[in-house]
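The chains carry the letters A, B, C and D, assigned in the order they are written, with residues numbered from 1 in each.
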């Protein structure tokens, strides 16, 4: 069952009414038919109104929707062949980061992504998509394998952030993230990243130092969660709505900041009811990018990535 | 982001180094052991409490004074200034926060970079300043750190960075996060050139700063008792809903957990830094 | 060294795959679930119990049969023979232990190497044999493993090693230990040449074997339920003076602890191996 | 106080007697003086007899002597300057492996060694010199730093073996050792190793893939402890004596097998009463080797090491 978000309720209610009327209209009442058409029109308009005027805060809710497509499922939808790989070879296989090797239109790729669950049980197992250091170290191991065998890397970002817990601190969360940033920057294979849901701070960036970054239309990418920002800067946890506006975290905003290279359109209201079409568009993007990168020398691929991040920042000289 | 803690502290707690109500600021109370210290003595002792070894926070100027050859420092890129490009307003405009910080510190930003010498050995240097907006890393901090790394790539002298920062500067949004990638990428180039890089982790070093250039030193030194973490203690306590053990995320804890090479008291730091940059620098071998 | 466990078992426990007293060996009792299995069925099912997924130990010949293209295997260096160069005598002469093992197995040593194909994709191959002196690694095992690695460095075809060994062969003293360094050093060359290396860890893989080439695969696959460890369970129990938890040091435990990429049942293994060597091999890209 | 080994007792008793007589002879008794001289001669002969006929088992006892010089102390005796370095940057600083950077006759070196304690308390802290995986990972980190900055590596081996415990297995003891073997083999800086006490199996080798290996005269190096071997192969734990003979573990035997490149002589009966002289001889060896390796190209240094281990093994073609 798909969860209904607060702002979706008026639409859902209208459609429920339509269903009820349809059930009644089996008797062939023409007045009823007209009423149904009228309401259907209204529903369509309402949908358009609501979804084309979503606030950043509402987009955050879509980005966090429990039925939003997850990394593992997208790997399998996008790849013809996919073999999951596990482990950091040091401490633990972190279930909040998944990865593996596969083919996309025949082209070899290493895929890595944050992994959330779709229900409470799975979310607990996946730690709500919040990695420990061993998750980042697994990601790095796979990226190093990709580099070794000249395999392009594709990463899917979907995390509230790196896990803030005892074990994570003890085992060097900061070190793990920092190392990934440095090592990703020196890879000579292309790295293509998608923010597929929540791009939460350093925990997101740790697999996102890429040549190309795409935002799914209803994804967000932020230096801090709107809730965190609200309680720190606005001194009022309830001002998350306002904070999410100020932080410029939607796909369009992130494009505007020059950080994302493109936005992958989603069905109106988000992909949680249609993973398949989304995966097709993502695949198209990956295939096209990989084709381009085949023509570019490894060292130039690295330099492109370096240059991209080198230029980030706004200041006065 | 333990910038949270910084803000929280700023709101509620009195200034840590509580100045006593005596004319002329001659005396200061140690926030750790509550011993009353004679300011002059404290300054002679590298601003370290001689009763309990508490390390008072230093300004960049003080670090230069204590650790580097007199008048050897040549600053670079001091002209770079932050701008409020998101027109970010919380309880205050970011632009006015910047202005206040600049007025109080007489500096444009939370990091000072340049070259200095240490026992006549030239090094590249960045010193962060927690007193400037919690040492948070925005575009300018990221840019200056990157510039000094690039200078080291060029001139091949060892690089020393003193970290002292609550993390990313939220008011610059995602671009502040990207400074983590920018600085770390530059360090990849430095590492390839085999130029020694030493970090001195000062209180506090957290969030986006710790999770980028702070943790990438060939050698990592921590000042005693410094808070060094990714997540701040409050965020963790809220997440796990229990009090953190004593000393958690402090320098000595990080030493035990293999994250730093040594915890070094400030009076010993100059000698250690000199020895390390000399020992690591491959060009020293040739000189002999 | 969990060779200890092997010896201990050899002394006290009855053979694991306890054959029932029925003429013609038609039936066999599963040592894990005690189900009585029809030998022919078991062989058709890759020697995996279809009741509990227990994986019976295989000889090199059986692995070749189950996993590689028919008649594709070309053995190399089968002529190398161990010698008792230390004149090692415990309860028995090492030389007579060798003789017995050779007579029973019709082979010279505990590893078989060569080239074979898997769905027509050529690979280099080493298959260890626990039934030969516990699969222990002496000079010949080390030499043959090194030779097949060197062959892979030369011919650039992927390398697959099936490990199944109690560790170093004590009767060859320190030279058996040195085989760990020898094989691992050869793998450094292979890694530089970017030739894919896959290990399949079979029951048991312990001691000097696990602490050298067994743990250095680009991809590591474990057969279900295999004991994979550095120290053997008995040694650990003696050291820590408590019983080990269920499943400790088994394949699934290693997966959880990040040491292997997957635990793969034998019927799926051929396909997985084929996919992996094809996906990892950079030359496959060019072919298309 | 120095521990007295079983076979040292007759010698010690004689010397005690001499001391007693000397105390008495203050009165100037000539007969007594003669007696003292007689016993001194006898003690000297006895010492010679015992120490020149030590069994491998007795040498094992010397190698394990609680007052035997340890890695840290030798670092400080050998180096003019020495700065200890810590941590694997991932999990823990393992006190059973120590390391640091220093100078030996002005030449930069990275030093790494197993570290035992001299008393029970220190031994518990040092885990009796038995590393966990993080110890080996710390060693590797330091060696990689040495490689990066072209600094020669010196390692001191002194361990009963890698620790066989729960945490060690969980965190990949086998992986950590294996990785060190591979990585050490590809270093292009010279690596010089000394077995200073006990060289216990894979746990010793994990920091011993070196260009030059020296055994201190009374050190041992073995694929398994004599006790372990006895209980497994001889089926009698009490046959450690016999096992230690069969295994060929003394400095002379290890030279004979072509594994050690030299033996550093010790004072009769072992170095536990004279660390300083030992350190001088070790320093001399290191200085001489480093001088030689300065003339050899990095790639040739690596190849020399590879070739050395490649040729190890005795078999029939």
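Please note the rule applied: a residue touches a chain if its C-beta (ideal position, glycine included) is under 8 Å from a C-beta of that chain, and two chains touch if they have at least 3 such contacts.
Every value quoted in this text rests on a predicted model; they were computed, and no experiment measured them.
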Chains contacting each of chain A and chain C, listed by label: D
Relative to chain B, chain with the most remote C-alpha centre: C
Pair joined by the larger number of C-beta contacts - B-D, A-B: A-B
Whole-Å gap between the CA centroids of chain A and chain D: 55
Between chain C and chain B, distance of the C-alpha-averaged centres to the nearest whole Å: 52
Cα-centroid distance, chain B relative to chain D, in whole angstrom: 42
Chain A and chain B, separation of their C-alpha mean positions in angstrom: 33
Multi-chain contact sites of chain D, meaning residues that touch two or more partners: 89-91, 170-172, 175
Chain C: positions in contact with at least two other chains: 191, 215, 257-259
Set of all touching chain pairs, with the criterion as stated earlier: A-B, A-C, A-D, B-D, C-D
Residues on chain C engaged by chain D in the complex (per definition of touch): 1, 3-4, 7, 11, 79-83, 85-86, 88-91, 138-140, 142-143, 146, 168, 170-182, 184-189, 191-192, 207-208, 210-216, 228-232, 235-236, 239-240, 244, 248-249, 257-259
Chain B contact footprint on chain A (complex, rising order): 162-166, 168-175, 177-179, 181-183, 185-186, 201-202, 205-206, 208-209, 221-224, 228-229, 231-235, 243, 246-249, 254, 257, 259, 305-306, 309-310, 312-317
Residues of chain A touching chain C in the complex: 81, 83-94, 101-103, 106-108, 134, 138, 145, 148-150
List of chain B residues in touch with chain D within their complex: 191, 194, 196, 215, 218-220, 255-262, 272, 275-276, 279-282, 284-285, 288
Residue ranges of chain A in contact with chain D within the complex: 89-91, 133, 137, 170-172, 175
